[in-house]
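Each of the next two complexes has subunit A plus one other chain: subunit B in the first, subunit C in the second.
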Partner chain A sequence: MNLLEVDGLTVGLERSPTSILANVAFSVPEGKIVGLVGESGSGKTMAALTMMGLLPDGIEVRSGSVRIDGRQLMDPDTMTVERRAGDMAMIFQHPQAALNPTMRVGRQIARVFSLQQGCGRDEATSLAIEMLSRVGIPGAERVARAYPHQLSGGMCQRVMIAMALACRPRILIADEPTTALDVTIQAQIFDLIRDLVEETGAGVLFITHDLAAVAEMCDTVTVLFGGQVMEEGSRDDIFRRPRNPYTTYLLDSVQKEVDPHVIEAGVDFELVGCRFGHRCRYAWEECGGVPDMFSVGAGHRSACFLHAMEENGAGAP
Partner chain B sequence: MWTYLGRRLLVSVVTVAGIVVVVFFIMRVLPGDAAAVRAGPYASEEKLEQIREQFGLSDPVPVQFVNYVTDAVTGDLGTSIRTGGEVTEELLIRLPASLELAFYAVLLAVLAGVPVGVAAAARRDTWLDRAARVVAVLGSSMAFFWLGLILTFVFFFKLGWFPGPVGRLGITTQPPETITGFFTIDAALVGDWGLVWEAFTYLALPAVTVGFVLSAPIIKIVRSSMIETLDSEYVRTARAVGVPGRQVLFRDGFRNALVPVTTAIGIIFGYMLGGNIIVELIFAWPGVGRYAYEALRVNDLEALQGFVIVVGLLYIVLNVVIDFVYSWIDPRIKLGQKVVA
Partner chain C sequence: MPALLEVRGLQKTFGRGRGALPAVRGVDLDVERGETVGVVGESGCGKTTLARMVAGLTRATDGHIRFDGSVLDGSSASMENRRRIQMVFQHPAQSLNRRMSVGAMLAEPLRLLAGVPRWETTDRIEEMLGLVGLDPAFRTRRPRQLSGGQQQRVAIARALMPDPDLVVLDEPTSSLDQSLRGRMIALLRRIQEIRDVSYLFISHDLGTVRRIADRVAVMYLGRIVEIAPTGELFDDPRHPYTKALLSVAPTMDLDSARERIVLEGETPSPTDLPTGCSFQDRCPLVFDRCREESPVLAPVGDYREVECFAVTHPSHS
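Then we have the complex of A and B:
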């Protein structure tokens, strides 16, 4: 049973036909880590902010549903996500910038406890200190009294995680949680997230452009490009048996030289059909339309017209 | 903190010395002859000589400078050639009038400007935001003398709600005993509430005149720094963990916008420290601005020098106070470090 189910999510700029996310669907089962991968501008963070109901001004949800445990969070009238406390929490890319610079970190966590559980100031403070120890901060009492600028980036990310956990989320969204940190700290944060999944049974949506991180962390992977889901499947499906030309290209870009024109071409958000179309070496006239998701294996789906050809009996090019 | 204060004091001494030197020599190159003004149009050459002798104007300039500085360090800023009185004393009598007006004007500007700026930022691009921007443009393009005259015309002459522009109190009213020099506070300290009220009625029009104009920069800076903090990642975090909107607005938004706002308030308060000459003239306000204006008209060198030096001193004090406020509102700022607001 999937804990989180996102379906048909379409998000665009107000007063403009441009859509940033087009019919995006993915799901996160309980206790699993699902990777949402794609290059910069592919809509990963937009998807997360939509789910959190934190979209910036000027961006609107056109359609789609976000369900937790089958409960619909999308308000059909306002087209915004109405979260309940404890549904979802999110950790961000720049931990230091994501913490209030004029508030002691212990207070920032305690504030969440007060809000979520209605407990008093002293109780909230001791809960906050407890939470700081739980995310592996030594000397939690001292750290609780520090301001964010007095802590390292890795410490701040732990504080951020403690803050997210204080919400007791069913789903934790981690938006490139280690991009701003160095490698050794990255490994520690990854361990922490894995431990927390085991302890709490929460589902994690792990957003990143770092394929190595995906290979290390994720159970299943959804590949996003230009706001469209290109392929989804288990980690092994994606890394060992990629079926979508974009996934292949993405994997190739890590290992070998790729055709520079593919990189420089960028994303055309005005494009109606497959957004990878003009960069894809297999593109043909059919690619002007939007490809359906084709099942290409157990739990493995890919959006490409090539699969339509295969189904019609023609050999792959 | 004490090392900081010590260092600040040292720097201040240098600053004041610089002010004294610059002001002294600028005054010497101003055209005009103060002695001739004091002696009157029909004075004889002997009379002029006598006045020059009396006020030390016949000495060579370096001698005048040394004399001036040795007196100044003891707090004696010389004698006004216009009134014949001690400059230090005359300035100290007038300074509270200017400071009281400046204080209430800035207070009004802050009380009006901050909520308007916050509301404009919180409700960006709504009618409220647009109205706030119109007020800000109106305020910054408003001339003191025009607004002062219009307010006097409407609220004194036409409606009679406020007293006329005759100074800090009615002509027949005895001012309160000087404790702080602020009439509103001194009268309250002796418990004379009628006098407090009267002082406020006389303050109202000049304070509103200045306050309205000064609220414009406050609205602008509050709005823009609030927009910046409300778009910040930590405000997004606060929203993500479910902090209610009002708390986000003030504890996460406004609290972090305070440093640039404090800078702005400090700048406009500093601007008001020397007294607002135009407003003091229109409302017959017996402050240092008017004193400086009168001194300038008749080439009263020592009075002008004294004025500039006192205002310089006030600026230095103000800056130290602002530094303390910075370190208090933002934990990232340590005393003695530069602030990039």
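Then we have the complex of A and C:
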């Protein structure tokens, strides 16, 4: 069953027709890890911030729904996400920047317990220490008394995860959780996230630009470009049978020999229609419109006019 | 003929007394003409300090660096050697001068290091922009008008301007999106073919190093623990640290059936190293001798060196 369902999410700059996310939809089932992948500027972090209600000033939600267990979180009047404690928790790319530098880490976690479960200070503290040892921190009592600057990046990320888990979230949003960490530490954090999914049945939205990390971690993958969902499917669909020209381009740019002199233009947010249109080798007039998501296999969908032609029995142009 | 770059017994200790931090603890390394040597390792292994010493930006505590036969002395590096060794940094936005146009930035090293008069620089600048895949119109742009990938191309162009024999690249692709990295690697290889320049390529990203280096050195806590031709190192790593590092690096290959070796704990603090091998507390092969004596790099096969008693003297373990 889907724990999280995001549908028709459109987010843009205030007083501007430009949309940063255009009609974005994805879902996270119980106990699964869903990858949200894309290059810089694809809108993957904006999607996370929207769900957490942390959008920066000047950016507004125009439409869309965010449901957890079928319950609508999007307030139709204010167009903001009103989440309850325990709905979602997020771990950020730079844990040292996300933790409070003036508070001991044990206290930061204990506050979550106090606020959510209303337990007293002593009980909250012992729960915090228990949580720290659960995320594999040796000497949790000692670490609980440390300030963030006294801990390594890997330790801080564990503290963030401990804090996120203290909320007992149904959905864990992990935004590039290991980009700032070394691979041996990354392996430990990945194991930790996998263990948690198994233990608690939480769903994870795993946001990254690193395709290898997606191949390691995710059950299903949603590919974003320029704020549009280009393709979604199982990990095998995306890596072995990609159907969208953008997904193919993305995989090739990492795996194959590329021409060093082609400079990639960024995303053109003024562009109407398919945002990949101006870079796509198949693009033709049709691509001035926005393609629908076409079903191209069981649980495998892709947004491209090529699929409309295939359905009509014509070959690729 | 001696190698272009010969590093012998190189050491760097920051600070002194009890808090002294030995960043590089005796490194020997050669780079041949036209060769690319990759240096990989995790945060704090000393790879950037090594790069900065070779580029003459940090003075060594002990040991020496010989470049094309003459000893480089950080205090009185000759103008000629400054010209012949150039460096590219991790963050192009920080290493480019925000107030200068691209053209002015490329002209500066020509005038200062190669004595080319200002009126003769224009042709060479346009030629160089072409080499790194930028349009001549970029001459008048300033760094903030460029994307991250374009900025790094300018940084590479600036390093190549005085026609160096060795370019030290410190994490040149780490600040770029994964989809841009392949293109940057292809560009560096193309330049090497045309200019016959040598690269000392520092990175924590194993996939990138695999695609560009002829030989790879793996550093751990200030020492090279294994050095081998790239194919040998990746296909058959021998040092237990190299094995663990390669086994947990994420891969896009869904069929890979490798056994993950997740190391316990984190890298110990360089200010408080144990007696004997510095990898002993995380090593699956540790035995008595490793706690008493420090291993040194020893040949294994024709082209490989490994710093591990269990590998070089297997009968004792």
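Here, the second predicted complex is superposed on the first by the 310 of 317 C-alpha atoms of A that agree within 3 Å, B and C clash if a C-alpha of one lies under 4 Å from a C-alpha of the other, contacts with A are read in each partner's own complex, and residues count from 1 in each chain.
Convention: a residue touches a chain if its C-beta (ideal position, glycine included) is under 8 Å from a C-beta of that chain, and two chains touch if they have at least 3 such contacts.
All of these numbers come straight from a predicted model, not from anything done at the bench.
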Simultaneous placement of subunit C and subunit B on subunit A, clash or fit: fit
Touched subunit A residues, subunit B compared with subunit C: C
First (subunit B), second (subunit C), both or neither touched by A:F92: first
Touching partner for A:S253 - first (subunit B), second (subunit C), both, neither: second
Touching partner for A:G118 - first (subunit B), second (subunit C), both, neither: neither
For subunit A as apex, the angle formed with subunit B and subunit C - C-alpha centres, to the nearest 10 degrees: 70
A:L211 touches, of subunit B and subunit C: first, second, both or neither? second
First, second, both or neither for A:I185, with subunit B first and subunit C second: second
Subunit C versus subunit B - closest C-alpha approach in the superposed model, Å: 15
Residues of subunit A that touch subunit C when the two form their complex: 39-40, 138, 152-155, 182-188, 191, 209-213, 215-216, 235-236, 239-240, 250-251, 253-264, 266
Complex contact set, residues of subunit C against subunit A: 42-43, 133-134, 147-150, 177-184, 186-187, 189-190, 204, 206-207, 244-245, 248-254, 260, 262-263, 265-266
In the complex, subunit B residues that touch subunit A: 124, 231-234, 236-244, 251-252, 255-256, 329-332
Complex contact set, residues of subunit A against subunit B: 52, 54, 56-57, 83, 85, 89-90, 92, 94, 97-103, 111-112, 115-116, 147, 149, 160, 163-164, 166-167
